[in-house]
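Comments concern the structure below.
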Amino acid sequence: MKLHEYQSKTIFAKYGIPIPKGRVAATAEEAKHIAEELGGRVVIKSQVLVGGRGKAGGIRVAKTADEAEQLAQQILTMKIKDLPVRKVLVDEAAAIEHEIYFAITNDRAAKKPVMIASAAGGVDIEEVAATTPEKIIKVHIDPLLGLRDYQARDIAASIDMPRELWRDFGKIASGLWQAYLDTDATLAEINPLVITKDKRLMALDGKMMIDDNALFRHSKLADIRDIDEEVPAETEARRYGLSFIKLDGNIGCMVNGAGLAMTSMDIVKLFGGEPANFLDIGGGAGADKVAAAMRIIVSDPSVQAVLINIFGGITRGDEVARGILTAMDEVKPKVPMVVRLVGTNAEEGRKLLENAKMITAETLADAAQKAVAAAKG
Amino acid sequence: MSILINKKTRLLVQGITGNEGLFHTTHMVSYGTNVVAGVTPGKGGEWVLDGKIPVFDSVKLAADATGANCTVIFVPARFAPDAMFEAADAGIPLIVCITEGVPVQDMMRVRNYLDQKKVRLIGPNCPGMLTPNESKVGIIPGNIAIPGNVGVVSRSGTLTYEVLYALKQVGMGASTCVGIGGDPVNGTNFIDVLEMFEHDPQTEKVVLIGEIGGTDEDKAAEFISAKMTKPVVSFIAGSSAPPGKRMGHAGAIIEGGAGSAADKVKALEAAGVKVAKHPEEIPSLLN
Amino acid sequence: MKLHEYQSKTIFAKYGIPIPKGRVAATAEEAKHIAEELGGRVVIKSQVLVGGRGKAGGIRVAKTADEAEQLAQQILTMKIKDLPVRKVLVDEAAAIEHEIYFAITNDRAAKKPVMIASAAGGVDIEEVAATTPEKIIKVHIDPLLGLRDYQARDIAASIDMPRELWRDFGKIASGLWQAYLDTDATLAEINPLVITKDKRLMALDGKMMIDDNALFRHSKLADIRDIDEEVPAETEARRYGLSFIKLDGNIGCMVNGAGLAMTSMDIVKLFGGEPANFLDIGGGAGADKVAAAMRIIVSDPSVQAVLINIFGGITRGDEVARGILTAMDEVKPKVPMVVRLVGTNAEEGRKLLENAKMITAETLADAAQKAVAAAKG
Amino acid sequence: MSILINKKTRLLVQGITGNEGLFHTTHMVSYGTNVVAGVTPGKGGEWVLDGKIPVFDSVKLAADATGANCTVIFVPARFAPDAMFEAADAGIPLIVCITEGVPVQDMMRVRNYLDQKKVRLIGPNCPGMLTPNESKVGIIPGNIAIPGNVGVVSRSGTLTYEVLYALKQVGMGASTCVGIGGDPVNGTNFIDVLEMFEHDPQTEKVVLIGEIGGTDEDKAAEFISAKMTKPVVSFIAGSSAPPGKRMGHAGAIIEGGAGSAADKVKALEAAGVKVAKHPEEIPSLLN
């Protein structure tokens, strides 16, 4: 789960990390008021959950409150990478001397949290990593011991931070570490962390990603999830415990198991089709879940055929088939349905489905080809 | 021979009185797995499966009483980290965690702690292991595989079943099938299992089922190129997955341009691995 | 540093461990008021920093407030193992069904904290350990991982605690662990932890010892140290950073280094004397510290001779001698002083001391014998 | 030969710009110890001892620049745990902590962490080590010992000096002297050092200086009885100490009837160790 910049920075501030004065606004008028309060140059920043806001014109500097209103008006009517801008953050403008990159994230290969810093901040860090990897400093944190002061000092020294700022940087590092721990973050990023002209450190931008699997212990964070930024079908799927991702193709996929769901997409593509979604209905595949999944898939107007691929392992194939038929009765989809059913009692299951005029298949390859053909009409 | 589990495996089930735990214990027992005990705190002294399996209050008590040498965990995600710590503290040398959805920060603590204890963890978020006709630890359907000389290791669940089933269709069997799980931080990696298969006399060929995300397949490729004498066939799921999206498994995500299926296929092919275009191709590539 | 029972139980309560209602009193009148408030049977417990209060008659049950006053009066005029009772704790009396021992302490051999429990609580645990060690359950805690719930469950199961109390016991265990951590305790002990007749767990008695070396981060705890319970000379010595322990003999000892200080005592005893104290003046041995140490030693009326044993290592012997002479000028002790000085420039140092009419020695054995002889007059 | 330190020791000093650190660095350098660098956070780039020794901001930077293979810690107690963690993280294989007064809970965390890293810690609350005429790491006065064939290991500081001095008086010298420190939880125990002395060709005899508290001497007795071929002479301080009192050293306390000098002497004598009645007796017992 991604947090907005303004949400991330609110968390940072709670952990003692200095951020600019500012507030979030949903209208140009509000933005003007905030700019008046801040009484000077402000930055108007679109709040959308994608990168590249600056390049898209979603971050602008205003010299007066009136200009802030105008710019906010412009930005609030923009779309950035297809996402409409619904809120802007109005921050006092900082006098920047230097921009640093600083983040804590999970290093899956090392099985440890890692602090990442670079003196080349303010830009896309992946670009820095690709072109000048030597400019990126990494220090791993032992997850049982936690961040130690000397690790922050090592980072500060390695990015040539002026010595008089080390103590403040140490506080920022331990604040960010605690924020990362307390929120079960997978990423807590400050980019840029700036040194201002009057020699202070300040988190000018912030980005946090929270581990979805840990939301059970962070109900307050789960509540601030911005579902306006999501494809509505994905929000709907989460409600039913389905793992769903909208894609651009025309063949809907309903599969049990994430690996098999990916594979089903891959094989649709291999045989010349385009998957319309990723959907893992999980184990069991009871009629309720199948029906919800089916509704979500066929509510996408681009879907012209559906591939259902169920590997009946411990759940018997005939049970799965009955579940699918019950769901069909309820949802009454208008597009052709191709069902591939394998495993225990699969043959019986397939017979039940054939009797209900569904297209069936035994192999994955066969199923994918039939779905591609069905979608072409 | 096989790896990790066999007829001598004395299995403990953590969370045995839960729905999942009891359901799969029934299946494991009917497969022939030697399930010696279960653990559910507060239910010590009870019995399950018509009085066949005793339930204990803690892993330590269960292990002391029954000599269990392997444990399989079916507890909910919020209790799974402690279940793993507890098993490690009780000295169980092989821990299999089926549970899905364990937070990754918890898993980093678990993994770093278990590494100190020299304990092997399989999973979490995995289907477990199957040594056909000997022992089934976890949720892999027993009837989809027959004994044979193919070692199977996989990050995915149902996709693994596909492969076992495809092998069985052509009369090929498995030595052991190990599901290492789809989480970004887990206990056992491809190279750990590849090394075991390389040293296992029963295993003559290996199937490796990978997916997008992380660098485990790349490390496997390095290992295969440097250390493996047995042929390896592979399939990598997710070639059609868009970057930046988590494809069901917490670990299945292309991040910062790294972890794509194309890169993994390239690395594996460079190591001499035959990579299938789809899983049903695998049996033919093994010949 | 030892805490009183009432201080320990106040800490326990802060960490959610149930304790009886009650308050501390310095007079019999106060004790009566508290007993009236509690409105029933109360226990009057002497607050002294030694064990064996019960056997000494320092813990009594009163049925009425008037009886509470009488008993408090008696107890407040007692001495227990030479310590005058200055305060009593007045607790409501509990209906006890069973007594358990439960503690967390440091296991120096294992280098880990250890939880210790026994179903045989309420008595001297060292006696239980000596006579029926199988009744003592120990579970080590990894200091980087911390206490886990299953460890408390393992303890509860091993001491056959009724299952319906496990959850509450788990909370008590984690409360005690957190208290132990937060106070840098070397011991956090509940003895007895009782099961009441109405099936509740309650910490009837409590004992905490705090690591003196960690007091720099626990100024609030350092402030509640009960110096009334200490030998005044030990309190005085602490003020000067000296490590001092009062003993029963007549030969004062002033030594640099703890091991050498113990050895000096041992050798005094070996040659038929009795050391009056342990005193380590630490490194350097500047005149200020030597003077303070000398004052503390000779203020003990039983002291009939003083043995000063300084191994001059990096500090030169002549410097040490000059320090001693300056201190002599200031303190003007009336008992004979035997000085043994070894190391760099020791000979020069000894000459300086001899000129000042002090008894000197070269070897430890010689010094001890001279001190023993001097004490006999 | 000697153990742990010799002419090849490249020493780092943590806390080099503090009073203690600078004072003892001067003495170590004049003794001939190869002090290659110092660390004081915030003072990187400075030099001490007339520009002879560079100061770095962190152990990692210092070790990378100078190839230090040993570090000695002189920082105040509240910073000592981090100094030890830092040295271990920087991969320094031998850490000597002189600092007195480190809280015991900190030391348990330090010790458990360092054990994972396979790093050797000497101390804390110790005088350090001396290999006469080769290297001095810590605060043992250099002039009180001469080279020889006696290995000395001790829990005490000045008492060790007594013994070295007594040996020198009769012309006996030391191979290496190791002060393991007087804290209840420390890095290196008697048996670790005894094992090194047993394998060191230069060492022919060993002196072990113990004191009341804990069970280290008892374990040493077991080790000597089972594994040592070289003669061991001992002295145990604290036979006149009352129980329940902490005699200066945090670890020197008789607790619950355990750790008395009498028990330790008994255990050592049972293992064939000659135990001196007072330290000046030691040289004669070595003959």
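We just call them A, B, C and D in the order they show up, numbering each chain from 1.
Definition applied: contacts are C-beta pairs under 8 Å (C-beta built on N, C-alpha and C of every residue); 3 or more make two chains touch, one makes a residue touch a chain.
Since the structure is predicted, the reported quantities are computational estimates derived from the model, not experimental observations.
J.: Mind listing the chains that sit against chain B and also against chain D?
T.: Looking at chain D and chain B together, the chains touching each of them are A, C.
J.: What chain is the most remote from chain C, judged by the mean position of CA atoms in each chain?
T.: Between chain C and every other chain, the largest centroid distance is to A.
J.: Taking contacts as defined above, which has more of them, A-B or B-C?
T.: Higher contact count goes to A-B.
J.: Taking each chain's centre as its mean C-alpha position, how far apart are chain A and chain B in Å?
T.: 28
J.: Roughly how many whole angstrom separate the Cα centroids of chain A and chain D?
T.: About 54 Å, centre to centre.
J.: Got the chain A residues that touch at least 2 other chains?
T.: In chain A, residues 142, 144-145 touch at least two other chains, as defined above.
J.: Touching at least two other chains at once: which residues of chain D meet that condition?
T.: Only 109, 113 qualify.
J.: State the interface residues of chain B toward chain C in the complex, per the touch definition above.
T.: Contact set of chain B toward chain C: 41-42, 44, 57-61, 82, 85-86, 89, 109, 113.
J.: Can you list the residues on chain C that touch chain A in the complex?
T.: 144-145
J.: So in the complex, the part of chain A that touches chain B is made up of which residues?
T.: 106, 108-109, 111-113, 126, 129-130, 142-144, 181, 184, 186, 211-214, 216-217, 243, 245, 247, 255-263, 265-270, 275, 278, 280, 283, 311, 313-314, 342-344, 363-365
J.: Going by the contact rule at the top, pick out the chain C residues touching chain B in the complex.
T.: Chain C reaches chain B through residues 142, 145, 148-151, 153-154, 157, 163, 166.
J.: Which part of chain D faces chain C closely enough to touch in the complex?
T.: So the residues of chain D touching chain C come out as 23-24, 27, 77-78, 101-109, 111-113, 139-141, 143-144, 154-162, 165, 182, 184-185, 209, 211-212, 214-215, 235, 237-242, 245-252, 256-257, 261, 277-280.
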